[in-house]
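Below you'll find the structure, written out as structure tokens, and then a few comments.
Chains: A, B, C and D, in written order; residue numbering restarts at 1 for each.
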Amino acid sequence: MSGYTPDEMMAVEASRRLADGMVCFVGIGLPSLAANLARRTHAPGCVLVYESGTIGSKPEELPLSIGDGELAETADAVVSVPEMFAYWLQGGRIDVGFLAAAQIDRQGNLNSTVIGPYEKPRVRLPGGGGAPEIAIGVRDVFVLLRHARRAFVSALDFTTSVGDNVRVVVTDLGILEPVAGELTLVAVHPGADPDQARAATGWELRVSDDLRETAPPTDAELTALRALRTKGAAA
Amino acid sequence: MSGYTPDEMMAVEASRRLADGMVCFVGIGLPSLAANLARRTHAPGCVLVYESGTIGSKPEELPLSIGDGELAETADAVVSVPEMFAYWLQGGRIDVGFLAAAQIDRQGNLNSTVIGPYEKPRVRLPGGGGAPEIAIGVRDVFVLLRHARRAFVSALDFTTSVGDNVRVVVTDLGILEPVAGELTLVAVHPGADPDQARAATGWELRVSDDLRETAPPTDAELTALRALRTKGAAA
Amino acid sequence: MAVVSLRDAVRELVRDGDVVALEGFTHLIPYAAGHELIRQGRRDLTLIRMTPDVLYDQLIGMGCARKLVFSWGGNPGVGPLHRLRDAVEHCWPLPLELEEHSHAGMAAAWVAGASRLPFGVLRGYRGGDLPARTRVATVTCPFTGEELAAVPAHRPDVGIVHAQQADRHGNVQLWGIVGVQKEAVLASARSIVTVEEIVDELQPRPNAVVLPSWVVDAVCLAPRGAHPSYAHGYYDRDNEFYVAWDPISRDRDRFLDWMRRHVLETADVGQYHASLEEAVVA
Amino acid sequence: MAVVSLRDAVRELVRDGDVVALEGFTHLIPYAAGHELIRQGRRDLTLIRMTPDVLYDQLIGMGCARKLVFSWGGNPGVGPLHRLRDAVEHCWPLPLELEEHSHAGMAAAWVAGASRLPFGVLRGYRGGDLPARTRVATVTCPFTGEELAAVPAHRPDVGIVHAQQADRHGNVQLWGIVGVQKEAVLASARSIVTVEEIVDELQPRPNAVVLPSWVVDAVCLAPRGAHPSYAHGYYDRDNEFYVAWDPISRDRDRFLDWMRRHVLETADVGQYHASLEEAVVA
């Protein structure tokens, strides 16, 4: 049980930041994994909200899409998509929103629109989806993003959402938090070091003076996490 | 069966103007009676919409209020009040709206707000409710109002809703329709004459050159009407 | 959210001078909560409701309200509200300020409030005298140039609604004609929901509105707490009561006597119903 | 409204150059109707949808679309849409104009369309590069002075959705995750609803959207017409198909071959499913 993947470390660390009773706007993939893990471990009352309109979903299996049937079946309430964005997100009722992106800059601004120029992109990405208003509508934005120079860039190709409410970026190497307006490495995961993070960052990464080491996933966390993943894989 | 009341004549005449398949925004009292009568006689596919949010209500008994439980139970759909006004009324999906009022002028403008000055009213009336937007949101407004000088006035104390879409005013004496922008007596009910209508109108009432006489309620109409009323009274 | 007594909820959550909405569109009108406001002698309230009916007549007649924000104030299917008229026409027991809208305007103001927008937009308030007498403005569509009406959002201090059920966690479900109750709760800074029943688990129902426990401040058990209004699936509207209210409310003394007997001298909704049954027997 | 064949509905109601929305938020995506658009060779369409997924990848790859109005274009949980990318990055088979919004902006545009308002208002589109690239403007609150975003209403020529059931009169009911389907139908000048089943009478269900027959132009029977999306209560999402689409759609020839075999050379949704089963067996 002592071995674990970088993705597992990311999901575990993100889940730890969710407190019981928090209301979370959850996307698919690692965020959904992290939020469901929190619900299965230390935060059983964590409320999962999916942008498809499900409020308080309690899926047994990890969904592949944000609109899987189980999310509706296990929800406290299902509302229309316009209501979700107007009454619930814009209504200021969501504590935490998870975001991912193709690029992030040192202010926590995110790009999920294009790589290259907008009119003639080298890579056309899926686009903003819920991100622009999640970024300004929730109290705390958590970003989950693997560390790489092409992702941690000095200048975004396109600003899809603004970084004002980004409180933490969890990567596969460590944890960044805004310090005096700039994302700063405040912790590294076991086995990683700050130089790896510096090398994987496209700007000159600040490192906190009291750099911490993340606690590795506990056996209980890994067991709960893998139970979730297995179910998801079996779906 | 040959005897009938002025109210019955009004309800029957109003019901005759509803064609099968028309979608009607219905208020309580005579409009509800007229619309339900139409549904029981010549227009079984007439769709009754109540502002409480019920669409396609098919009440067995006449409701006392626009929010009676039976309206919801027998509806094709029940929506929230905001949705009713935004998607359905403002959405332009309603053919006919019934309005009543305390006062009407020769342009069909209506007052259901105050008698006397607004700030120091002699009689404070219930207010506009749905009327201001029904008056501009439906294709045809039908007004049901008993003829009296205090109701048919040369100048309203307050304009609650505008007369632009008023197509007919059914009174206990006859029928008024706009002719060249002014409500004109185009028919009298059996037993009534234009002078009675003139005397009960606070402006100099125009009378159509080819004044018709309304057909009296048929036995079938009266039977259906009284069946409805009896049920309502027993509720 | 906690399941608490209605007395404690009103004591802790409603203050003199508050803007309070007790919503309900004919169905599920929160009478028990309104009566508790009267018992606790709240004063200077600004009362919001699309269709103020007999409950607001009672609150106004008992001197709880300073201002009314509304779109239709009558006794549905019966006639006028005599206490409302007496306050507006003769300042009894107190003057009552009015802010008057259309239903469509009120509905848009509720949606804006629930959406945390400062205003709602509608095609309305056209041509009549209402715009000159109320808080309404125009906005111009930046794409078409059309002028539309803007109404300021409702943002009450307290929103109060009645529902059929809550579960033990305080999740609320109401169904039937749902009116603007969801919007009233979500637009308010604080909220109280009275319920017919507390159940182990909410069963999803057609046309239901569900309010998760974390958007409600207090859930209070108040069986038959909507009387003389009704609770779909529990009891019917007491149409006879609405008819009987007309003569009771016409006369100031008779009104005050009725309120003393059935509200002030009863402690809760159970005693209120007992007092009504006694009155029928007597 | 009339119950007609999907072929006739598309032939009569959808024209080249139309603005068409086939909505569905992961659930109830109207694949059968989209495939019929491809079979009939519609061209120059402006396609609207919040979450264009594999169906729009197919329409774009087959050259039906001139423009896409959207907020998130991907294969949910899998990756990018290769046909969408190829059109945007390499103009294959045709250039594709994009009008790009956020989900919140698209939702507000749908609500405005259903409400027959020219624009929707939201607190959004702030600070990023999107406003410079799309149709969005600002409006100022006449009461508070706050600046808010305005989006132009969606008003498609044709709105197409899939639902679980219609009754014999053409009243439609859908339930589960309901997305923006009600808004898409009500915002459109014409509408087509494909259904899993036609029943004698609709039974009211929790969380259902009901569309009365008189707001729908054509109801078409299309069992399993949402595949590979799903119909709550009928069949599950075919997650494997979404995963399998990635390699199929990566390659132009393989894509065209797949479309020929399963869409162009099949006459309807029944034959489409038969062709998929054959492919598995083969």
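Following the convention adopted for this analysis, a residue touches a chain if its C-beta (ideal position, glycine included) is under 8 Å from a C-beta of that chain, and two chains touch if they have at least 3 such contacts.
Remember, it's a predicted structure, so these values are computed and weren't measured experimentally.
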Through how few touching steps can subunit A be joined to subunit B? 2
Compared with subunit A, which chain's mean CA position is the farthest off? B
Any chance you could check whether B-D or A-D wins on number of contacting C-beta pairs? A-D
Centre distance in Å when subunit B and subunit D are each reduced to the mean of their C-alpha atoms: 41
Any idea how many Å lie between the Cα centroids of subunit B and subunit C? 28
Where subunit C touches two or more other chains at once, by residue number: 111, 116-117, 122-123, 182-183, 207
Where subunit B touches two or more other chains, by residue: 86, 90
So, with touch as defined above, which chain pairs make the list? A-C, A-D, B-C, B-D, C-D
Interfacial residue positions of subunit B with respect to subunit D in the complex: 21, 23, 47, 55-56, 76-77, 86-87, 90-93
Of all residues in subunit D, which touch subunit B in the complex? 111, 114-117, 171, 182-183, 186, 210-212, 214-215
Within their complex, state which residues of subunit D touch subunit C. 116-119, 121-123, 135, 137-144, 146, 148, 150, 152, 204-208
Residues on subunit C engaged by subunit B in the complex (per definition of touch): 25-27, 50-51, 70-74, 76-78, 80-81, 84-85, 88-89, 100-105, 107-108, 110-111, 122-130, 133, 176-180, 182-183, 207, 209, 230, 232, 236-237, 239, 242
Residue numbers on subunit B that touch subunit C, as the complex places them: 28-29, 51-54, 63-69, 71-72, 78, 80-82, 84-86, 89-90, 109, 113, 118, 121-133, 136-137, 158-162, 164, 235
